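First the structure, which I've put down as structure tokens, then a few questions once you've had a look.
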């Protein structure tokens, strides 16, 4: 199995990433036509963690975190590390030392289909991490994988430079060439929701606000007293 | 499949609900003879969430939250929404906008056998939610289900107007016609526990306090030095 | 099935336990040659819970917590209760009253392969608990098990007097006769990591710090621009 | 918790049960408007097992199969035993001896939300069993439950006398008062499918047979060469 | 979300597919450098099922099998249907009628990340099916997805025309442009294994046959009597 | 982590093993006082597989099957290989070639807490295998583990030379020094069951045969007509 590390990847316009970072994952996922959501088993390791940035992808092998060191050199400030693995594995591949290194070099956070450890120290650093597993078990450095190749992480294809956004609701992958369009769609959705929220907070019903009564009757709903 | 929405349901005496709300789920479950506990996979979306109130039941179909809007109109202040689904589904059927609407209309919280989203916003609202899944994935409004019919939620039968109580220990369902009797049984249990707690805190042993030594010896326990 | 309770067990030197308590589980697990980690399904019931102490082991039967009362008498200040079960079971065997009793008698915390309840009250007590399940369901007192026999808890063999340490990263079991040696190995590891952490925080790369570049090239890694 | 055993329950017309027994579970589930399907974790213990008959319901407690002996006396030839439990439990509550007894008294099979054992012997008897768990672990006879009360089994409400049908596709519950109507609906569905099957086997396309092309175009499907 | 159906895709040379079909999945996975294996939760619905052919990919939405009818027209004899879904879903999207249609049009089998039903009838047809779920629950035809776009199925990226092979050991995806090279590598591996198998069957030890003794000693293995 | 292979272990009397082999796992587990049952997630890879013999234990590391070759030399005819792993792992560590080697050297079968592959070929060989996972993924030979040390397999402690028995109902571990006594207890149980089976097959009720009616009444069971 060949092992490569791609130094230069195309990243989206930083202004677009900043625009996307203002929205929650649920809004971005809606704006994407409900595509791009990773497996919901990926959860934040501390409540309130959130991130948004271009993906620097890492393909590892089970029980081996060697490529996470290769990634440290290739990451650019603002990047989000996306860790995939060639087979299901829950080992604690990522911990306090790598978090310290990644943070020092400007990374925005990490999303991993495998395991992490040093939860307390990483939470104290305020480095946002989303992972499938938490495990104290460490890893070896014996089999090289790849950096910045397309990977499948938590059931989603991630290309290097795609935008990855994560919060308490999950993780969404936004194809790089749709990032700009998405930021606009998300804003439009949010604008619309702001008005709706106010009316609902005042006690108005969604049935009226969205005009659902006729459609429900046509679909067969009967009210009974 | 017929789709109905029942407008008026029998609810328990509000004073009884208030009495029940003072107890934890573990106490209520004991007082119920250890019945009525939902599947333990239903968890609070924020630590410390708790609710108690008559159930307004909603039967949905996978990936479709249309009936949650119908429910908004039928709920009465103090109600707890109980969301069941005709097949296993983890989509984020309930989010910030519906939470805003339900809170505005006086609901006490929501228990869902499916998924929810907008965790951060709902937590900020202080609207207690217990769910099987968290997912950013939204839903359509295409197939009507029913409101205020008996449903099975997380393995438990819930009739409209049954009292549902939930906290960090889980979710329990109290049949409406047993609610008043339960409040008394729970109080009796709590009174007894208060005295026990004080004696245990002072270092007394349960073995002596509960008089277990003889029964243990009879059951075959041998001490070895 | 015979039921015994062993009154006196060999415990490690308290100074050694104090020394071990200063390290995180990930560090201890590394120092142990990556052995001794319990199944990662055992999680703290509140964020930040941590414990370290000699194991007082309890073998229970499903749905029966009788032996937890026997254990209360046999525990010594500083002990960690380790609860195993003769078959998989998620009932809430341990709750506020037992926590009050154990705390009053000096226990450092509890690790359970079954379930616990009264999460809110136990968290308020500040009594560290790690468990596989949370369930409001109580238990009977009908079948005696054993105290201070070797048990398998979450896939790991625990002998009475072994040191058990737990934090947000998981639970590790340290054989009693290796405890002293472990404390030294963990300290050596931590000393080394402190220096590494500082260099990584300053932006230095692990690739250089650990001298990995040549090994990676030999293993076949190719860089592409 | 009260313990009752109801001797006489209303059962559906045997001719209706015979009519329902000719259909597969998928067909019955469709005819029911896609309701009534138990959790898909309930699987046959041998390939090809199938059953159909009125439910004789048994509510047990974890690790206790006492009520299965009470049920043996109350069952009528043609009945299907439906085993529920007051809390999740995987013990082998049902084995060769009970299967021998039930078969001798005319039962058609068993559906259990808990565990079974003696898989080889039961398969040799040809007694159809569907269960959530397989476990060699036996049970005690200490706490009485109930027979012929409404139970929740694998997420579905089952009333005594409801028809339960099971095959390799799962288990479906048919309310007793809808059984006759269901048999007709299932037959109509099957008649229609027979013709469709023949045309599809001849290579005709569902797109044409069901007239889907226009609806797909309207829904936005574009063909690309 | 756009919905497209691609009519023409590049397929590998049929002679290469025939060559690959002679090998088991474990051999192909080894020859691929241990990449391409789908999540092991995908299992055959009957023992001994096996398939090999170019992937015709179908992207569905939860609870909706409309695109499986579109796929029936676009498949070519020898194709393997690969069903992905935009969110986790276990409904029985594929059953006897579609199996009849697909078989009539020459498909070699189906791999699904969702659910299937009519297990008995499909097994009788001898149409190989591998799926994550078995469920009697049917689906609607309301939301169009896509055919012959890249999909992620069971954690693996599948491009239309990639070769998919499956047997009792699992499912492997072979990129189309590596298919010819793979057939050769697999044959070389199988030739080598045939000789090894004969020597092991005669009682020779792998330790000697593979010359492992020195390496084991160097790695620290000590023998004890 | 030290790596050792123990050449000589104490095994039980072969006549005792033969005696135990005549009983099913459920009977042995009962005779053992309901202890010794492995996690029920360990299942036979083909229906009807069964084994009984002294354990030759192997401790592996995730993704590494090197020690399985060391074990091949140390096994004696009649042994059962018991594979444990230092961390959860589902890789296919054991396949056709090792099965060929083990069978040639007289092993009775294998029980693994990790994964196996080549299901079809091993089934054809008639070599009984029980495993937690099935996966086509192969393993490396890089890190030595140990042979014939005490291991925890599927939650149970197994000492080398303990008797391991497995069939469709699960896997049970019998301590070597209790093997002879167990064979007698199992025979006594079976003798008793034979008479019971005959009476139940003739339609007699367990209620009468076991004399349960009085105890049930005392426990509170009420019959209702």
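So that you can tell them apart, the chains are marked A, B, C, D, E and F in the order they are listed, and the count of residues begins at 1 in each.
Note that a residue touches a chain if its C-beta (ideal position, glycine included) is under 8 Å from a C-beta of that chain, and two chains touch if they have at least 3 such contacts.
This is a predicted model, so every value here is computed, not measured.
**Student:** So which chains are sitting against subunit B and subunit D at once?
**Tutor:** Where subunit B and subunit D share a partner, that partner set is C, E.
**Student:** Between subunit D and subunit F, what distance separates the C-alpha centroids? Give it in angstrom.
**Tutor:** 31
**Student:** Using mean CA coordinates as chain centres, what's the subunit B-subunit E distance in Å?
**Tutor:** Each chain's C-alpha centroid was found; their separation is 43 Å.
**Student:** Quick one: which residues in subunit F touch 2 or more of the other chains?
**Tutor:** Those would be 2, 34, 37, 40, 47, 87-88, 90, 135, 137, 142-143.
**Student:** Sort out which chains touch which and give me every pair.
**Tutor:** A-B, A-C, A-E, A-F, B-C, B-D, B-E, C-D, C-F, D-E, D-F, E-F
**Student:** Per the contact definition, I'd like the list of subunit F residues that touch subunit A in the complex.
**Tutor:** 61-63, 87-91, 135, 137, 140, 142-143
**Student:** Within their complex, state which residues of subunit F touch subunit C.
**Tutor:** 1-2, 33-35, 37, 39-40, 86-88, 150, 152, 155-157
**Student:** Quick one: in the complex, what on subunit C touches subunit A?
**Tutor:** Contact set of subunit C toward subunit A: 24-26, 29-30, 34, 37, 40, 43, 47-48, 167-170, 172, 193, 196-197, 200-203, 205-207, 210, 212, 215-216, 219-225.
**Student:** Given the complex with subunit C, which residues does subunit A contribute to the contact?
**Tutor:** Residues 2-8, 46-47, 66, 69-70, 72-73, 90, 92, 95-98, 100-101, 103-105, 115, 117-121, 133-138, 141-144.
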